[in-house]
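Two complexes, one shared chain (subunit A), two partners (subunit B, subunit C).
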Partner chain A sequence: MSAGIALEPPLTRSKRGRSDVLGFGLLLVIVFLAVVGPLFTSLDPNTADPTSALLPPSGEHWLGTNSYGGDVFTRLVAAARLDLFIGSTSVAIAFVIATPIGAIVGYSRRWWAGAVMRVMDFIQAFPVFIVAMALVAVRGPSTFNVIFVIALLNVPIFVRLVRSEVLALRERPFIEAARSVGNSDVGLVLHHVLPNSLGSSIAQASINIGWALLLTAGLSFVGAGIRPPTAEWGTMIAEGAPNMITGQWWISLFPGLALGLAVLGFALAGDSLRAMLDVRSRTV
Partner chain B sequence: MSSEVLLSIEDLEIRFPTSQGEVAVVTDVSLEIRAGEFFGLIGETGAGKSMTAWAAMGLVQPPGRITKGQVRFAGRDLLTADRESLRRIRGNELAVIVQNARAALNPMLPIGTQIAYAYRAHHSVGKDESMQRAVDALRSVRIPDPETRAGTYPHELSGGMAQRALIALAMVNRPRLLIADEPTTGLDVTIQAEILDLMAELVAAQGSSIWIITHDLGVIANHTERAAVMFAGQIVESGTTRDLFTEPRHPYTRELIESVTRERPRNERGAEPPDLANRPLGCQFAYRCDLVEEGCRQAMPALDVIAPAHLLRCPVVSREISPDEAVTGT
Partner chain C sequence: MKRGRLEFVGKRVAQLVPQLLAISAATFLLIRMLPGDPARALLGPHATEEGVTSLRAFMGLDKPILEQYWLYLGRVVHGDLGHSWFTSQPVTTDLLQRAPATLELITYSMAVALVFGIAIGAVAATRRRGSALTGGIAWYTRLAGAFPDFWIGLLAVFVFFYKLHLAPPPLGRLGFAVSPPRKITGFLTIDSLVTGNLEALTDALAHLALPVLVLGLIIAPMIARVTTTAMADVLRSDHLRYARAAGLKSSTINRYLIRNALPPVITIGGTMFVYLLGGAVLIEKVFSWGGVGQYAVQAVGNADFAAIQGFVLLSATVTVLVYLLVDLLHMAVDPRVRQ
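Entry: the complex of A and B
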């Protein structure tokens, strides 16, 4: 562009495609590693072996070992399984609970719809991390409690999202038309409103799984989530942190990288899903 | 003419809140549609035509509200009916075809499925049977290869096909009255005629009535037996379609008809409808009427019966026609 205002070019098909490939590619690699990774190693992720502590990456220990001799690669793969399980389960639970609430609150014009939203405001008013820490502190650190907390924090996000979609959909002509031929309220919501609102929820779910991974790792890092020696990306980063100064960078770096790439993968995939599932942008 | 009254609207008033206070978008509207009748409602955009139809369907949504009047369908009061009985009437006995068919179909559901759901809203049948009904309905609106087309999504249909699918959706439960709200807006002229003929044929075949709402005088002339003219939320004249076109009485009706039949300079006082938030006291049309008299601006004129089945809301013309016995109607 020679002169005048240089406009940001819209995402072209090829650029869009590249971020799609990157996002889904990252997810594919991480899920693949989580599923088949244990086949590459005969070691147990939680066994200590003081004779081979703090070894740098080598042919025998691909990503090195940690301070008590645990194999970092074995632990990384085991952690991927646990973290993906926590992330997807907690978001799935929130999704299942929040979608009907959001649909009812968005569709109904009754007074209690506002009351429900104020409850959601209440949950969201607290800093996420503080609430998570407080809840886990009260209930005790365990996989189940981490899932519970993350699910609870995700519920208002999905309620809000579904509600706003439903509010917009409610006024669309095809809803009026469907109502005018006698569909009941339940039928309208189930067959006509919800299917049209799911696209953005699914995209949001992918982004929120990434966010859940981050939260799980964060909680575990400060000791409020998964407890060591259980392999989890956050605990692995925490256990390698003291060794960073003394030069054993591999203990924290690899779980950190895995976490970062996983979050990036879910975020990009979420964006791609949003574009793909959006009926408005769908062409014939 | 003497057949049973299917839908009767009496003295209807609908108000909407605006920044300038509550505005009556429909006021003092009364009309009757008989079984088997083809009725038309003409008026310009914003005259309250569609709103009147929504009221008849019990679909006036908040913040709009019906503040006065009665709507009766086949003897039942629709304004006091509970949600469930209204739902049972909608689609089953009273259906509506809205403008812009593509927007009126759910983009995420195949058209056959949408029609099947509408059928099952009124009949306790299984999936297979309701889908069969949907295919039959698509066949009746002459969509080619209905078995395959039932599985297509609205965005895969042309405008004309989408309109046919919408008619199939409205007609699948064989309603006794079909309200067609600007049914052909946005369609090619050649397809418009086809769609209207198809709709008229389907309705006539099952002895139902049709209520066409449009601003297109040609549609009214060709497809209705009786019509009413609406202006600024009121009915100003109603009668047989033949009478309205051959002997239009109300100055507004004349202006409408002349606007298409004759090359005539536009009314120099402008053709903007009156501001509904600050309605003039008397006749709403007085500000651009050629026949205006002092009395017109002081009191709202009533609908006079000037001939059998011919009502007129213009005291000046009424007096001309029958100086002694201007009968005051509703």
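Entry: the complex of A and C
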């Protein structure tokens, strides 16, 4: 969870196709699991069954059971729903808040536009995880507060991105043309500048959902996120942590694997989207 | 030239003042964001009515907010970060006691990341784009960025402690049977080396191995990427081609190469150090490390808000100091910065 930046260098064109398939494929599997997964299991993700605690993976419990007899597969699927919900809502909220700010800061030539960016620089300089942990701890661990804090931390990333796009666009001839035929500043930004700057924001949004998943899991792991017994990938990893010393690997392994593959999927899909949506890199 | 350098250092150090003020304002507001009475929250579940009343008066909660901040700032400047209700000690004492453990962990992780990252980055810079090595590094970067570090730490514990018995149990910095060295720096490796306590030295190193390798190897690919780009840029530059054409010794050319590729690597090193402050919180929990990170996790679990506030203040201060150091190092290796 380094930062809200691309996790990897762009691939060469010949390798593009393969990573497109892998990225979107991973996302499809995770979303499929979240949507129809509950059909494959008759168990409840939050029930405790001490008689079947710490069972290894088997035909009955596909991914084994945890220390109080919860079925790991059932919980994994329930967690996928919750995590995808937290990741996508928090990023969507940040997107909605940050886009107008970024557009104004990018389009305006006033002194305060620069000041806003200095403040964002300063905020972004700090270890994101520590800031998030402190904020959620103070507001109280809950799904709502996790979404709120992750959205808040995503805002500067999108502001910066939209701003840089708008800065590049405002000098372009077609914007000049739109201005000279009498469009107002507001109209210009809404109808011409923003629609043209959306591509990279959408690509970034995909990458940031993955980043939000990691942050959510990390917060839950230290007790400043989703509270157990609610099924969430981070709380599930935390549940299994003491059992790693005693050999019951399946409790933590599977949720971490699901989380990592989801993050990888969102990152690869983000790269693919950037290549697809970036008008400038497209050869005419 | 001399004057330019001094001026740069002076200006850069002066920036610390507004930065530290902003940090203190943020940590002050953090406590004000607590729902309900901050004095009651700070005193924890065993608060008495008199205690709450006297802390309210001490924090100046009946006074205007700016005056409250001024009081808080005065306490912070004097090293008073409040009391942890959980450890019933001053937060400053708690943090100072635990800081060396975290610092030791981060320093060694950083060393592993730099050595390994620069090594593979430098080799990759000499290969063409799209070679097996650069492709491998790209996938390594992806995977290291996607999978949570604390989970990788847990897997490492399972494999190297439970299965292979190569690592000690993930329960702190020293085995229970080993007597710790006399405290000098707080770094167990250094203290045991200085006092000649070889048993403690080997045990401390054994305990460091897993967390350091996990953190270091997760960070290394980011450093490798920056190293590759920086070195490839220098390799293509006119002045290096000229140096080669002029027939300079290869050791001289290598010195030019390293010197010119250094600034971006220093910058990413600083960013990664700050990232490690956050990453250490999670890894410390996995290995029961007993540093400030684990202290913070404990504080979160106990709603110990004075401790949380103190930890945020400490890590934010370390952050701005690291960036100051990065800028000064930058200036030392790149004369253009001074102008």
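Criterion: the second predicted complex is superposed on the first by the 267 of 284 C-alpha atoms of A that agree within 3 Å, B and C clash if a C-alpha of one lies under 4 Å from a C-alpha of the other, contacts with A are read in each partner's own complex, and residues count from 1 in each chain.
Definition applied: a contact is a pair of C-beta atoms (placed from the backbone, for glycine too) under 8 Å apart; a residue touches a chain by one contact, two chains touch by 3 or more.
None of these values were measured; they are calculated from a predicted model.
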First, second, both or neither for A:Glu176, with subunit B first and subunit C second: first
First (subunit B), second (subunit C), both or neither touched by A:His191: first
Subunit B versus subunit C as contact partner of A:Arg109, first or second or both or neither: first
Touched partner set for A:Gly218, first subunit B, second subunit C, both or neither: second
First, second, both or neither for A:Ile130, with subunit B first and subunit C second: second
Partner chain(s) touched by A:Arg118 [first = subunit B, second = subunit C, both, neither]: neither
Greater subunit A contact set [subunit C / subunit B]: C
On subunit A, the residue positions that both subunit B and subunit C contact, one per complex: none
Complex contact set, residues of subunit B against subunit A: 57, 59, 62, 83, 87-92, 95-96, 98, 100, 103-109, 113-114, 117-118, 121-122, 155-156, 166, 169-170, 172-173
List of subunit A residues in touch with subunit B within their complex: 109, 172-174, 176-185, 187, 191-192, 195-196, 279, 282, 284
Of all residues in subunit C, those that touch subunit A in their complex: 19, 22, 30-31, 33-35, 129-130, 135, 138, 141-143, 145-148, 150-151, 154-155, 157-158, 161-162, 169-170, 222, 225, 274-275, 277-279, 281-282, 285-286, 296-297, 299-301, 303, 305, 308-309, 311-312, 315-316, 319-320, 323
Interfacial residue positions of subunit A with respect to subunit C in the complex: 1-3, 7-9, 11-12, 15, 122, 125-131, 133-135, 137-140, 210, 214, 217-218, 221-224, 234, 237, 240-241, 244-247, 249, 252-253, 256, 259-261, 263-264, 267-268
